[in-house]
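Input: structures, listed below.
Below, chain A partners chain B and then partners chain C, in two separate complexes.
Right, the complex of A and B next:
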């Protein structure tokens, strides 16, 4: 280490050396290059999070008072005692568990079938079909969330929707089965994300392993159970954790457009409650406490899923 | 080639500039930098579109550039509070909501007294000026007036067979209702599922709250009483309103619980709903698309919800002089006439209301004039939170968890226990 410093020190005494040493110039250049990123990270990540934590211990409700006053833990005491908060967390947990389970299950099945089609299709038709299917699956993911939600609202409309027309029924899906309908709309939107990640993971498995498995007499199910699944398990766990965190903290658009959190509070998911508390009620102290809880719950969810992955045999 | 540290840092300038641009406000002109710009905070919608459309007239006559910022409603709620309570000082004119913001603007808003800035001649023309006056201080000038009306299937009401059948069943003529009992009879009569339903109430929280206001104001009630500073959420009128809402909701088409009045517009246009209460913004559309099918009448109740954007000048406005000129233009006869014809909203000026061209353009203006004196606004300073609570109580009543009367009591004695009308 000291010799390396010495070498650089020697260079700093060369003809190009000015009033700054080489080390100092390297440090300044490094600082200059990273400064924008640091400013960006501080302005857009560190400061907002710190401010939310700060506000969660304060009373800041401008329609009551323009002053921000110390509130101790009263915002947390409120949310611990609030029926609405408890209900909202319950709804969001059910939503997260069911939607992530559907997305992972359907995504895994579709990824496996698509990978099989891609690997085994030697004919032009097979190759074209697999690419066409892949292109189709990207559409829901690429569609703007609000547009997708509006499309679902139209599809399931009891008077004008094609789904009820085909079923010859007048089921008000978003009123009679609100959470299930919201989950369906969300799963449609996010399953392609899971599908593509798992598809890439499956394609990265060495084909020789499949050939060896077949030589050992493994059937399709056994290949999947004992080769594909263990090989992609790390990716599966990370994707599930990512989706769980995402579902818990970011489910908003679909609910906002389709049910507005109703009927009553039946689909009032946690992000919607935070949004309402902040922007409808203008109670930023309570909203911040809710946001801190959302971050903690999602962090716990993600950590739990990754811990399960670490504990399970690969 | 080796670059010096200065050159290297210089190369970062575009990135820093980009970051600075991203962090700056989206305004086209920096506030306070010039007396030739007036910055207006408004919310997206046809009325703001009209302001923007005709603003070149203002710019031409005054030489002041109008920077009218249209924001989404959630953002609007936060920004107007920042301007009028926290003195952010970014805007010269802040548009507030006449029906829901009026009380907090009066009691808490740091706004200029427009009665001292506008001429008596101009102010004399303003209809319902007193609605925006508190202790002699004029806190804002409305841009237009809009309020809920009753829309019904005129073709069915005029059908001789329907008329005869209705009279035989209820003992009086089939006509636009003048009481809630009559309105319920008509809704019940035309409730013929699955082809047509008698009534429509929007079930989404903000929409069902608005339906609640139609009944509460119609029955002569309100949500608070500023004189005693008490909430009036379980007053007899509130309980009756809750009961009527629950009764009428049973005559709604399936799925109404997650729909709002915009969905109601579609249902009425498609012949699925016989009658509903809604803001008269939709009247122009009905006139254009279904002139022979849809009729309009005042609500069956006594009062109606005041709808208007109200222009205020914050105490911290960077260019109050330009703001005054903007409001003078907005309330001018020329603009009020253009706006009425463009949007179908009522003008705020007495003289423009009598203008033959305006009266010709606003079909049914006589009906509007009957409602104008009866406009009401929410008598609390925290409508956002209150309206969410009201819709929560309505949901409990609709689900049968509580009776409508008990839901009103729950609202007053549990949900908002200890809260005041003005906080």
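Right, the complex of A and C next:
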């Protein structure tokens, strides 16, 4: 902040104070640099959202008629009364809570173990091993969600999936335990993200503190419970909040490819419900009402996340 | 690891796949990979995926980089509010945005055209780019830029000649994340394109799951084909990817 003020102070003597005052020129440069992105975002983000609000009060079904007709609040009335919508929100909440809990749990355990391996092994072997393991976790993160989904569909296939072959069973996982299977596939994909962030957080703890804990006679669990965990708590909170928002608003590909929302509506998460209402049932009015709800929820969650992030020193 | 299993599966013939789930293939069945190009239009789909990825990377890095620098160094009235607004849009449910964007693209006659997919993925990716790059520009030493100003560079010249080269690692990180986002996106292709000519690999993969038959061999081969570029790039630029994760949340 102070340096910025200092720069501004110098500007009256700046080299280009010719035909425009320096302050004016700075403002124009700021605007000029940000304007393209803002116009782009406005045209393809703000305007569409305004459009979706408009449509949510209308009926528009391109198959039946090219006209939009006024529908008042009927789309919202449908939304409030629909069991499908309520069910979908329930599924999404369950999905978000369970999958974030699994990711955080597994991510925390793996990060702790890997960090221990890095810190405590003085030999080259341990370091190389932990680096190699970390690299392996890049795969799920970088792989396309759709490819991961296909891989899981095959892993859990009742006839030729290795899981059933090993268990000597013929469970059709994605139809008999659809939500659990979807959660497994999603957790596989997203746990590495949590792992990498927590791993970095643990490594940034001052090693002297561990030294001190050991001198005080702390065992492994106590070290984790009273030193590691409190130290990374801020990061843990932000990562969990971020993942929760992300899981809630962006879950689509995995479900679309594996179960398509079924069987019945068992895995019809909210983003999928919006998409199918628009593109399968071609009811853009109802889809818009759903989209408005989704935008409001995601804006609220986004604002909350920005606030959490600002509060925590992560 | 599921992906590894998919590699194995992609090299089995269909009979092998069903008769001996746990066995390795007797001889690699490259036919699955050949079928991608012969039966499922992977040649043109690859081209489309490349075009979409390039388009998104260019838009993201150019617009996002400029905006991030502008927000970082040249705050103007209302810029903080605009920045917060832009960052919050990062959380918008993509499926909600797809509905009105579809109608806009339809009105513009851009459906079944990779441009519509580029614009859609690009606008959803932009907030992330600004999110990552602004702190990055914030952290660059101001003294160098001030020296540039005193040496007679215009503010834009300072951005282009000094800030951009200094921020190259950040820009590379952002380009990498944008590439992965565009290459792997499924939502916009399945919404905006119904013709082979404008369908990238992700959506083309779904063509192998028809109502009455799933081409498992091709599906796995296609999955591997789709995954390989992202893995190669990610391993080559692992350092930047991990940095991106750390900055991106």
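Basically, the second predicted complex is superposed on the first by the 267 of 314 C-alpha atoms of A that agree within 3 Å, B and C clash if a C-alpha of one lies under 4 Å from a C-alpha of the other, contacts with A are read in each partner's own complex, and residues count from 1 in each chain.
The rule we apply is simple: a contact is a pair of C-beta atoms (placed from the backbone, for glycine too) under 8 Å apart; a residue touches a chain by one contact, two chains touch by 3 or more.
These figures come from a predicted structure and were not determined experimentally.
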{"item": "Overlay on chain A: chain C relative to chain B, clash or fit", "value": "clash"}
{"item": "Partner chain(s) touched by A:29 [first = chain B, second = chain C, both, neither]", "value": "both"}
{"item": "Contacts of A:180 with chain B and chain C, given as first, second, both or neither", "value": "neither"}
{"item": "First, second, both or neither for A:280, with chain B first and chain C second", "value": "first"}
{"item": "Partner chain in contact with A:73 - chain B first, chain C second, else both or neither", "value": "neither"}
{"item": "Residue contacts on chain A - larger count, chain B or chain C", "value": "C"}
{"item": "Contacts of A:212 with chain B and chain C, given as first, second, both or neither", "value": "neither"}
{"item": "First (chain B), second (chain C), both or neither touched by A:40", "value": "both"}
{"item": "Which superposed partner A:272 touches (first chain B, second chain C, both, neither)", "value": "second"}
{"item": "Chain B versus chain C as contact partner of A:160, first or second or both or neither", "value": "both"}
{"item": "Contacts of A:172 with chain B and chain C, given as first, second, both or neither", "value": "first"}
{"item": "Stretch of chain C, among 79-87, 205-213 or 223-231, that runs into chain B once the two complexes are superposed", "value": "205-213"}
{"item": "Chain B and chain C contact sites that coincide on chain A, given as residue numbers", "value": "16, 25, 29, 32-33, 36, 40, 159-160, 275, 279"}
{"item": "Residue ranges of chain A in contact with chain C within the complex", "value": "3-4, 7, 10, 14-16, 25-27, 29-34, 36-38, 40-41, 44-45, 47-49, 51-52, 55, 135-136, 138-148, 150-152, 154-155, 159-162, 164-166, 188, 193, 196-197, 200, 238-239, 242, 245-246, 249-250, 252-253, 256-257, 270-272, 274-275, 278-279, 284, 287-288, 290-292, 294-295, 297-299, 301-303, 305-306"}
{"item": "Of all residues in chain B, those that touch chain A in their complex", "value": "2, 5, 8-9, 12, 15-16, 19, 23, 74-75, 77-78, 81-82, 85-86, 104, 108, 194, 203-206, 253-258, 260, 266-267, 270, 272, 381-382, 384-385, 388, 392, 395-396, 398-399, 423"}
{"item": "Chain A residues touching chain B - in the complex, by the definition given at the top", "value": "16, 20, 25, 28-29, 32-33, 35-36, 39-40, 43, 62-64, 66, 84, 157-160, 170-176, 178, 258-265, 275-276, 279-283"}
{"item": "Interface residues, chain C side, partner chain A - complex", "value": "1-3, 5-6, 9, 17-18, 21-22, 59, 62-64, 66-67, 69-71, 73-77, 79, 82, 84, 86-104, 119-120, 122-123, 126-127, 130, 142, 146, 149-152, 154-156, 159, 180, 183-184, 186-187, 190-191, 202, 205-206, 216, 219-220, 223-224, 226-227, 230-231, 233-235, 238, 241-242, 245-246, 249"}
